[in-house]
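Two complexes come next, and they have one chain in common, chain A, joined by chain B in the first and chain C in the second.
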Partner chain A sequence: MIDDLLYLLRASLNTLALSLISIGISTLLGVLIGVVCAFRVPIIPILNAIFVGFVRGVPLLVVIFAIYYSAPAFGIDIDPFAAAVTGLSFYFTFFVSEIVRGAVGAVPRGQFDAAYSLGLTFWQRARLVILPQALRSALPPMINTWLILVKGSAFASVIGVWELTTASTELAQRTVAPFQVYGASMLIYFAICFTLACFGSFAEKRLRFQT
Partner chain B sequence: MQLRLFVHVVQSLLPALGIAVELALASTLVAAVVGLGLAVISQGKSRLGRRLVKAYVEFLRNTPLIVQMFFVFFGLPFLGIQVSPFEAAFLSLALQHTAFFAEIYRAGFENVSLKSRDAAKAIGLSGYDTLRLIVIPQAVIRMLPAIGNEIVQIVKDTSIASTIAVAELTLRARDLTEQTSATYIVFAALACYYLILNGVISLGLRFAEKTFAYAE
Partner chain C sequence: MTMNSLVSVRDIHKHFGEHHVLRGVNLDVATGEVVALIGASGSGKTTLLRCIDFLEEFDQGTIEVDGQSVGYRVDASGVRRRRSEKENEFLRARMGIVFQSFNLFPHLSVIDNITLGPRYALREERASAEVRATELLKKVGLEGKARAFPATLSGGQQQRVAIARALAMNPKVMLFDEVTSALDPELVSEVLQVMKKLAAEGMTMIVVTHELSFARDVADRVVFFAEGVIAVQGKPSEVLDNPEDPRLRRFVQRFSQRTEASALPG
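On to the complex of A and B.
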C-alpha cells in the first residue's frame, strides 16, 4: 500500500521532469517568437499565426502521436520521452507566443517611441523597456498555460513514457484496484496543478496595479 | 500515390467523424446546461452550495482529463456500475467541461457592471426585464468568445476517447497507420478533420457574436 503510493510518487517525479523541461523550452521559444512578432518583423508573424491556428485546432494527443509515429518515416530515431518533450514544447510554444504578442501589443505606443528616441538598440528596447512591462500582464495567463501543459504531459503515457499516468495504469492492472489508484493519481495531479493555480492567482493580484 | 493514400484515409475516417461529433455534441449540451446550474448555485445564498461548486470546479480543472476518463472507465465497474467506452468518454467529458462552463457563466455575469443594472432600474425596468434586456445580452456577448474556445476544446478532447477504445477519429487514424509506412499522411488527414471541424465552430461563433453585437 505504502509501496504503491511511493511508486506513484516516483512516477510523478518523471511527470514533473517532463513538464519542467517542456515548460522551459516552450516559454523561451514562445517569448522569443512573441516579441519578434510584436516588433513587426516580416514573415515571422505570418508563420506564427499559421502555427497558432494549427495548435488551437488540433488536439495535443494527435500532435504527440504524429511526432512519435511519423519521425521514423523521415529517418529520425526518436525515443518516447524526446517525442513527448518535442510535442509538448512545440504545442505550447504557440500558446505562449500568442500571449506575449498580445501583452507586448498592449504596452503603450509611446514607450516604444521613447525607447527609440533614446537611441537604444532593438534588444535594449526589448529587454529594458518593453519586456518588463509586457511580462507583467503576460505572466498570469502564462502560468495558466503551464498548468495546461502539466495536465497535457499525461498524454505522454499513450506513447509509453513512464510517468504518473503510465504508472497508474500499471499499478491499476497489478493491484486490480483502479478506483483507488486512479483516484490517488488524480490527487497527485491536483496537488501539482493547484499549487501552480494558486501561484497564478497570487501573481495576478500582485502584478495587477503596478503597470 | 501519396495523394491517393490521403484520399483513402479521408474516406476511411469519415464514419469516425460521426462518432466524434456525437460525443462532442452530447457532452457540450450536458456541460452547458449543468454548468449553468452550477453557476446559479455559485451566485446563490447558500454558503455550502457555493463551496461545493468551487471545490468541484477546482478539482476537475486541475486534473488531466485522460486520468479522469480512466477513473470513470476502469473505476466505475469496480463499484458495480458497468459503462461502455462511449458512455465513459461522454460522462468524463461532460463532468470536466461542466466545470469550465460554470466558470465562464460566473465570469460573464459578474462582468455586467452595476452601472448598467442601476441605469436599468433608473428607467423603471422590472427585475425580470433588467435580466432579459440588459444583463443577459451583455453577459452573452462577453461570454461568446470563451464559449467558442470551450466548444473547440471539447472537440479536441474527444480525441482522448481513443485511449479507452471509442472508435472516433484518432483511434481510426491509429488503426490506419498500421497499414502504411507513410504515417504522416494519415496524421495530416486527421489534423485536417479537426481543423475543419473547429473552423466551422469558430465561424458559427463569429456569426453569433454579430447577432448579439448590439449589446456592446
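On to the complex of A and C.
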C-alpha cells in the first residue's frame, strides 16, 4: 500500500521534471517570440501566426505522436522523454507567444511615447519600460497555460515515458484497484497544479503595481 | 532662418492616411522664448509638437533643433533619408516633452521615473542622477514623494513628476502637450505655476494649451492654428485681444469663459 503510493510519487517526479523543463523552454521561447512580434520585426510575426494557427487547430496528442514516430524517418534518434519535452515545449511556446504579444499590445501607447522621448534605445525601451508592464498582465494567463501543460504531460504516457499516468495504469492493472489508484493519481496532479497556481498568485501579488 | 532660433520648422506636411493634418507649417522659436500654440482640436498643434520630438514621422519639410535636423537628413544626392535610430534617440534625449496623460511609468517609483532617462540614455551614475532628481522634485514642489508610486499621486502631482522627468534630461527645449487638459480644475494651477517658474528661468518652451490666461501671462508669442496651418501669430495681446480672424474670435470667446473659471493665481 505504502509501496504503491511511493511508486506513484516516484513517477510523479518524472511528471514534474517533464513539466518543468517544458514550461521553462516554452516560456522562454514564447516570451522571446511574443516580444519580437509585438515590436514589428519582419517575417517572424508571420511564422508565429502560422504556428499559432497550427497549435490551436491540432491536438497535443497528435503532435507528440508525430514527433516521436516521425523523428527516425529524419534520421533523428529520439527517446520518449525527449520527444515528449519537444512536443510539449513546441506546442505551448505558441500559446505563450500569443499571450505575450497581446500583453505588449495592451501597454498604453503613451508608455511607448514616454520611453521614446527619453531617448532610450529599442532594448532599453523593451527591458525597462514595456516588458515589466506587459509581463505583469501576461502572468495570469501564462500560469493558466502552465497548468494546462502539466496536465498535457499525461500524453507522454502514450509514447512510453514513465511518468505518473503510465505508473498509474501499471499499478491499476497490477492491484486491480483502479478507483484508488487513479484517485491517488488525480490527487497528485491536483497537488502539483495547486502548488503552481499558488506560486502564480503569490508572484502576481508581489508584482502588482504599488498603489 | 534667424540666427538665434533654437527650433526651426520649415514647411512641414503631415498626412494621417487621407487626412492632411499639417499643411506647410513654418515656425521659429528663439532660445528662451515661450510660444503658446492654440487652436481647435484637430487643427494640428499636437501633431506639430510630436513631429518636433520625432514621435511622429512627417512627409515633407524640415525641423531643426539646435542646428540638428530632426528625423531626416538630406544626403549628398539630395535624397531625404530617415536618420538612424541612434541619431534620433540622441536628438530626442535633448528635448523634453510632457504629455496630456502624464505617461509616468507605473511600475517605477517617482525617483526611478525621473532617473531612468539620465541613467540609461545619458549614462549617468545612479547617485548623481538621484541627487539631481531630488533637486528637481523640490523645484516642482514634491520633495518627500521620491519613493511614492505614480498611482498614489494626484493628477497634478503626477504631471509635476512628468515635468521633472523631462527636465532631468537637461533639455534644450521643453514641449508641453495640453498638460492640464486631463486634470481636475483645482489641480490645474499647481502645474501652471511650475511652468511659469520654468519660463521665468529662461527655458525655451513650446506649449500647446487651451489655457488662454496662461498664454496671455506667460507666453512671449501666441500662435493660432487652424486647418493645419498657422493662421495668426504675434504677441499675446495682439492675438488674443479683439482678433480679426473669425475662427480665432470664436475660439477665444469659447475658451475665455472656461479660463475665467480656473483663473491662474500668482
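Here is the rule we use: the second predicted complex is superposed on the first by the 196 of 211 C-alpha atoms of A that agree within 3 Å, B and C clash if a C-alpha of one lies under 4 Å from a C-alpha of the other, contacts with A are read in each partner's own complex, and residues count from 1 in each chain.
The rule is simple: a contact is a pair of C-beta atoms (placed from the backbone, for glycine too) under 8 Å apart; a residue touches a chain by one contact, two chains touch by 3 or more.
Keep in mind that what you see is a predicted model, and the values were worked out from it rather than measured.
A.B. asks: What is the contact status of A:Ala114 with respect to chain B (first) and chain C (second): first, second, both, or neither?
C.D. replies: second
A.B. asks: Quick one: is A:Phe155 in contact with chain B, with chain C, with both, or with neither? Answer first, second, both or neither.
C.D. replies: After superposing on A, A:Phe155 lies in contact with chain B but is clear of chain C.
A.B. asks: Looking at the overlay, does A:Gln124 come into contact with chain B only (first), chain C only (second), both, or neither?
C.D. replies: So A:Gln124 only meets chain C here.
A.B. asks: Counting residues of chain A touched by each partner, does chain B or chain C come out ahead?
C.D. replies: B
A.B. asks: Just checking: does A:Arg136 make contact with chain B only, chain C only, both, or neither of them? Give me first, second, both or neither.
C.D. replies: In the superposition, A:Arg136 touches chain C alone.
A.B. asks: If I apply the document's touch criterion, which positions on chain A are contacted by chain B in one structure and by chain C in the other?
C.D. replies: On chain A, no residue contacts both chain B in one structure and chain C in the other.
A.B. asks: Looking at the complex, which residues from chain A come into contact with chain B?
C.D. replies: Residues of chain A touching chain B: 53-54, 56-62, 65-66, 69-70, 73-74, 147, 151-155, 157-158, 165, 168-169, 172, 177-179, 182-183, 185-186, 189-190, 193-194, 197.
A.B. asks: Going by the contact rule set out above, which residues of chain A touch chain C in the complex?
C.D. replies: 108, 110-111, 113-114, 116-122, 124, 128-129, 132-133, 136, 209-211
A.B. asks: Along chain C, where are the residues that touch chain A in the complex?
C.D. replies: Of all residues in chain C, those touching chain A are 53, 55, 85-86, 89-97, 99, 101-107, 116-117, 120-122, 149, 151-152, 165-166, 169.
A.B. asks: For the complex, which residues does chain B have touching chain A?
C.D. replies: Per the stated touch rule, the residues are 58-59, 61-68, 70-71, 74-76, 78-79, 152, 156-157, 159-160, 162-163, 170, 173-174, 177, 181-184, 187, 190-191, 194-195, 198-199.
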